[in-house]
């Protein structure tokens, strides 16, 4: 049996004179890049450069839209309507497309950012709005969302392909949702444990929930971070562990159905 | 011989809770609509509604990008680089495309707004940046620009079709440029004179410059305004005069080469 | 016994090329003006002009800060921290102060706008942040908030004077809160009833809750609207009814303790 | 004879999730800090923290307003009117004041940022607008501007104290203006030469212009940069050279008249 998984990371979140993230290092680690579209972060020049960088490294690209809250980096819940959610995603997806087209790149996926991701993960109406915007624009684009969340459910309902992502350093509830960060035990701090959990999620499709019970978790992609040397080193360890265990690292566009 | 001309107007410049312009009236008068893309004015919902409105009335649509200066409505010169100009246009054009696609509408043209229009009209480097962004995105899109300006020159250089627009109420210098608004005589205040000038520009391709000398002026489209009852009434008069003189009012996408 | 009450309205919410509200009419009706500070609405020139207008009519002024959400006009809940709330209010209050100082006007009050008002009305931590910002800046400024809300509670806790406002056209729950707009009966649509309720609130300090039970409601100010001819006519009726019943209309800065 | 000079640097230009500059190092080097006010850079929390940091180190503070162009970091010329310039400065100065007041700090000065600084340095109308805003707000605030520029001229005309600043690494024209960066020789690249020039400007009030001729240059403050290790090391060298030559480093508020 062949095991394969994608590694995705957020990129292109610099803005004007401001630089954030270690994009030129991260791009060497991942198979899919989520690139900011200029609302919660990013700007047209950053967008242009980020897609060029992904193309050069053979990394698949996805639009990474967020809320119009640059001051909060799109991380703060904003009480938008379903219609607003739809047009916000469509607008950013179109802008992203223009740069992908310029570089002759296909859009593999769309992944909502921050509060947009979290809110839609729990609210089917917002999740539907996102999926509908994607499908109306191009039904070949894959929705990347939290495994087991409303985003994945909405993609199925709308008739859009989806890729389920997992987190190496987060604990899971029995229902497959992430343990709230405010709760004790929400973060898995032991790196060795993180890595063995990731390998098991990929090879067995299972993870031990915070209650101790094993649960199923669909694992098309692992979300990794590139915001510093520690994050990059951890990603390197994940890559090595997976490769050693015979897992092929490849963008999910090549295998999700 | 068949005479035909387009009437174009800016639209879709409302923003959030703010309404500006009389779009539902203007859309009945024009054959081409320049729709704001969310930077100098407009927002994703307004963009969506404006394209829907144009589609319903059979009016051709164009992207109307501007500078990132909502506070100044994109009317203030901003000292951007050629690269910035290029990506600003590409970004807004992509966003515009997403909504055109949703409504199954073709993008007929792109017309820069305010300071972006004025600056590029005189600066070939900025004009080239705009035309290059349009061509890279879709070489079928027509550039709408001031007759005789650098915008039209750049379109030719880049290999993009262009449409030349004239103004009914503005005086012209001998070189075909508009008389600076700060100069006496810059505005033609007599409505009857405006109308006879417009008819002549369309039928003869000539206008009397401020010096008294006749000059040639290419007239594919007439720019009209919809920001109040007076502007709407004046547009009605222009339409009637042209029709009476046997001029067919039709979007320029059907005749420019 | 002397009866007196204030009439307050939001103003100064135009932005750049965009005009909203009928400020020059409203200013003739009210005794206190809440003037936007450039975040959810308003801009420095509008702020300047609005304070000048209030000064000319002898209307007391207050800062009207909101969330950094121009696209949503500050009406959408934004999940800010207590620290963010504090600095957002302090920043806008300082900007407001500069223009008040220019015109030689005292700042009578501060009233939070839209989502900031609604959220703090129910969340004591946000209400405390607002009141603390006001007190740190100038302890003479009065907090204007919904009668019976957390805003009024926070002002007392912080040691700030407060003014309680009521709404003519809204139904009340037994606990003094406004009936949620989504519920039937939330709005009082009969104008005569609205007016008799207002007069009673001012003269008796009582209103009939949606359950039919009479409840106490502190009434220092009545919030009125100026967003159209109908709103203006209704305010005129309220003014006339109050005056006829011997109620003096005066800004609350002259009587709250 | 006593020689004294101020060292000033821009600070507080981080924004939301974005960090820029090495403020905690720079604050140890300078005697005056120019702190961004949230338009071209900075945000209310950064403003709060920056003033706290300056207070802790005993560094004098000044408002550092800029154009509403976060994307361009306030570095791009924007064609504002004199009235716009005035209200933009007044607004930002008021916001700055609120945080200075919170920390019990006096505002020593105001220095315009980037394009606002450059444009007003050459345009007396814009310079007057800035100085008028400062004087209307608080006539005790000192204007910090380029030595010999229109900013200093305007301060005199308005009746505002001013401090003249020089640059260690820039060449000067015979008229005292900075050599345009586009011209050869605009930058003085030899660090030893920079330092000897600075010492001479402070002690003799003279500098050799690019033409070879000695010119007078008023030197109340030296502008230094804190955007990296190299800039910080250079500032350390300047400090040491000045101290060794018997020059006292002290904020200009203590000596300008």
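Residue numbering begins at 1 within each chain, and the chains themselves are lettered A, B, C and D in the order written.
We take it that a residue touches a chain if its C-beta (ideal position, glycine included) is under 8 Å from a C-beta of that chain, and two chains touch if they have at least 3 such contacts.
Keep in mind the model is a prediction, meaning the values are calculated, not measured.
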item: Set of chains whose contacts include both subunit D and subunit C; value: A, B
item: Subunit C against subunit B, contact positions shared by both copies (same if over half, else different); value: same
item: Separation of mean Cα positions, subunit D and subunit B [Å, integer]; value: 43
item: Residues within subunit A bordering two or more other chains; value: 71-72
item: Partner subunit D, residues of subunit B touching it in the complex; value: 68-69, 71-72, 76-80, 115
item: Subunit B - residues contacting subunit A, complex; value: 38, 44-45, 47-48, 83-84, 87-88, 90-99, 101-102, 136-137
item: Partner subunit D, residues of subunit A touching it in the complex; value: 15-20, 41, 43, 70-73, 75
